[in-house]
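Per-chain numbering from 1; labels A, B and C assigned in written order.
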Amino acid sequence: MAGAIIECSGVTKLFGDFAALNNVSLDVSPGTIGLLGPNGAGKSTLMKCLLQLQPISMGVAKLLGRDVGSEGREIRTRVGYAPEQDCLISGMVGCEYVTYCAQLNGLPFQEARQRAHEMLDFVGMGQERYRPVDTYSTGMKQRVKLAQAIVHDPEMVFLDEPTNGLDPKGREQILQLVESLWEKHNISVVLSSHLLQDVDRICGEIIIIARGEVLVKDTLKNLKGRRAGFAELVVEGEHQRVLEILRANECTCELESNGHITVEHGRESLTPVLKFLRDAGVRPIEALPSPNALEEVFLQALSTHGPD
Amino acid sequence: MSTAPVIQATELSRWYGIVMGLNNISFDIGPGLTGLVGPNGAGKSTLIKIITGQLRSSDGELTVFGLRPWNNPDVLREIGFCPEDDALPDHLRARTWLRGLAMLSGIAPSAAPEHVDAILDRVKLERVHWEKPLGQFSKGMRQRVKLAQALLHHPRLLVLDEPMNGLDPMGRQEVQSILKQLAAEGTAVLISSHILHELETLCPEILILNWGRVIASGSQLALQRRLQGVEANLHVRCSDPARFTRVLFEADLLLGFDSTDTADDEGGLNLRIKNPNRFSESLVDLLTEHDIALHELRSRDRSLQDIFEKMTE
Amino acid sequence: MALIDSSYTHRDGETRGINYRRWVIAQATLTACLKVKGMRWVVWSCWIYAFLQGIFLFGFGQLMDPSSTVYAFITENLGLFKPIAPMFQGWAEENPRIAIGMTYNLFFYIFTGAIVSTLTLSLVALGMAIPRLITSDLSSRAITIYSSKAVSRLDYCLGKFGGVMLLLTITWLGPMLATWLMGNLMAPKISFFWHTAPALLHSSMFVLAGMIFLGLMALGVSAMTSSPRTATSIWVGVLLLGVVLSGIGLSSKNEWLQYLSFWFDLELLQRWIFNISGDFKELSAEYPGITEGDIFKQMKLRLDITADNVAVAITCLSLLGGAALLTLYKKVKPE
């Protein structure tokens, strides 16, 4: 293993009396990491503390094996960050901005210019790159933000809500790009998002933060494993009859508002479930294992730790 | 549809000089929850502005409860609007601002405080924040205030532009349940959003716009049926993918497949199925006969995302 | 989607050090400043002004050489100056330290600090540049981006300061040097350089000190607000306040008020550096008659300063600079 990309021990961040991060200890290996939590839970604060955008009040944090307090600046040549809010420099055109960002990370001008254009190609920006950034739409801004985060070929990137405000196609494209960063190019991704679906799709590892504390840190596969034995069935019509059949076969089940049926069947495979349904004359269109596992785990984690 | 449409557009167009906003569209929106979907620049904002009376149509007609909203206070009184941008007065307190708005919309000053408190409870804004200035509110709290603002005068039609933007997963669930409740009480709700999987569970009815035209409208079920073809695209996870594909091929059900077998997606397969009906009839028999454990059976052309992608291709 | 997948490549080039990154910020700052509408006109004006001064000094230099065209032109065509030129030439032969060195020193004293000078134009340039220095980064949250790159807050400020220095170099220091060079170009004797060197030294010292101070002030003002208009207004306000304070101080009994005006402080600093009163003393020792006139007496009174005066002025300037630094420290933060 290449060693942990993030190591925190006892990291605390105070704003006055309020602890935005409370004694956070973490060890994160390279990969795609999803950072989840309610509003104001400390996700962004954690990212900012790791990037030294905000000083850590107590504790030690390391990125890529080096202490952020003493070597923060040099570490950041190997780290990328796309913040949630707009952060473009007004008056510059797109490619100028990305070039400048590359130079700020120490790339010589010639190479910065070349890579800026390559990255803009990579994120799917066309001729818009020659327009002033002030005129960009949300989609273009998100793309440019991603481009400037990877232009210096970092070993890891922090992406704060990278799909916010995008239309479905734009979201899909950005998600594909982010997915490819780790899968194809070996760049670790730390992603924060309110859309559990995005995280579900991209991330191999999940960290759930609330009230400044890490509640859950596990691989998505394990988390989903916790919800094994649950499934969601999609049938057309005759919901009540299906519920009766399921109950007759000792399954706990429930009709959701969207007409899907969640069922706790407690079995390894769905084949027996489909079999007894078929025997009763029901053929589900879809059968999805541990549906919304992430959402369930998320809500569960928050509720067991209490809302306040 | 049994009831009269809430919003009805007939040959509606809107042009900004030479720029197209909406091009000759006709549709009906009934009561209940309706999702408004489309890429950026599809004309969603234009449509919302026309519905809420902020814009006039260039051609054709749009009616809400049978009347034109433009310059018509009688209709506007029935419409609640929750805009996407959050232009809230930062220095005012949530309660003060809403009380002021309540009185503006014709609620007696004596009744306003109680009324506002009830609405704030309804949108689940925690009571500790009620007396704080709006400038200190987080994005999620601002969304709730915006929603409260739209509900003040008990509208019969609620129009929301990206109402869940910036909310965390719990907030999203809460807002969704509020909207469902409103719909159950008889309010017509029109939601514009980019988050398709949320609309999918929330809105039975969908209106898809693209390039200023309506490319689909109606119930999700009807849209799914319309897209059902002679072949079906499925995603399957099972204990023995190689064997499963062979079995399907031998049964003359398979048109094509590719393996998506990775650590995250163990035993994953994308299948193109030739005869969907026969497939669903014989699936269980094939599985039991060859002792294959099925872990997942997911359609790849039924979700709103799939529909949207097909329609806007 | 093949287009998207293919284009990412890893790099393995060198990564330049921190001074390069600071320099990049300075360059970008200068570029942004020069993009301001009208800025190019101000810069051109500075150089045209310098050119005019240079021509004047060039003419002055040619007076020392009876064989030059300028000398011939003046003696032949300008009746009024006819007697002066040879007289002056003789004087310069006899006592170049005073005739050339002291005159040059006085010229540059005026050039670098007069009411209409490249200093004034530089202040205008700074006023125009201020919204683009830090203000725009505050309003667009670009500071977050800088801080997430391999530059710290200090590096950012150093870079921005470098940018302002570059701007002032092309509006103030550069034109000043050009003036001096033009004055010495085709000088009749090599000793001319030697005698005018003190003037150059004094000017450079004063201009550099002034640049550092004004640069800090401009950055401080720029960091005070995220609204471009407010930033410009504050700058104009600071300039006007300086004028008003020194005016009140001069006319009322409370002369100490003048020290609160940075104009006054800069002027004191300038007098001290150029040491004009020292020059006068030397002049009156050599030519006791000249300095008896009323004009000289008045000028001497005004130009006489004590070390204490200068110390107070420098302290006041340092305090203002410190305030600017404090503003930077407080305001230049991500979020």
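Everything below uses one rule, namely that a contact is a pair of C-beta atoms (placed from the backbone, for glycine too) under 8 Å apart; a residue touches a chain by one contact, two chains touch by 3 or more.
Bear in mind the structure is a predicted one, so any value in this text is a computation, not a measurement.
Asks: Using mean Cα positions as chain centres, tell me which chain lies farthest from chain C.
Replies: Most remote chain from chain C, centroid-wise, comes out as B.
Asks: Which chain's mean C-alpha position is nearest the mean C-alpha position of the whole protein set?
Replies: Answer for the innermost chain: A.
Asks: Counting only Cα atoms for the centres, state how far chain A is from chain C in Å.
Replies: Computed value for the inter-centroid distance: 53 Å.
Asks: Need the CA-centroid distance for the pair chain A / chain B, whole Å please.
Replies: 23
Asks: Mind checking the centre-to-centre distance between chain B and chain C? Centres are C-alpha means, answer in whole Å.
Replies: 63
Asks: Quick one: which bits of chain B touch chain A in the complex? Just the residue numbers, please.
Replies: For chain B paired with chain A, touching residues are 37-40, 138-140, 162, 165-172, 180, 194-197, 200-202, 221, 237, 239, 263-264, 280-281, 283-284, 287-288, 292-299, 302, 305, 308-309, 312.
Asks: Along chain A, where are the residues that touch chain C in the complex?
Replies: The contact residues of chain A facing chain C are 48, 51-54, 72-74, 76-77, 79-81, 83, 85-91, 100-101, 103-108, 111, 115, 118-119, 121-122, 124, 148, 150, 152-153, 173, 176-177, 180-181, 184-185.
Asks: In the complex, go through chain C and note every residue touching chain A.
Replies: Interface residues on chain C, with respect to chain A: 1, 3-5, 7-11, 13-18, 20-21, 24-25, 28, 32, 35, 132, 136-137, 139-142, 144-152, 155, 334-335.
Asks: Report the residues of chain A in contact with chain B in the complex, numbered from low to high.
Replies: Of all residues in chain A, those touching chain B are 36-41, 137-139, 164-172, 194-197, 204, 220-221, 234, 236, 256-258, 268-271, 274-275, 278, 283-289, 295, 298-299, 302.
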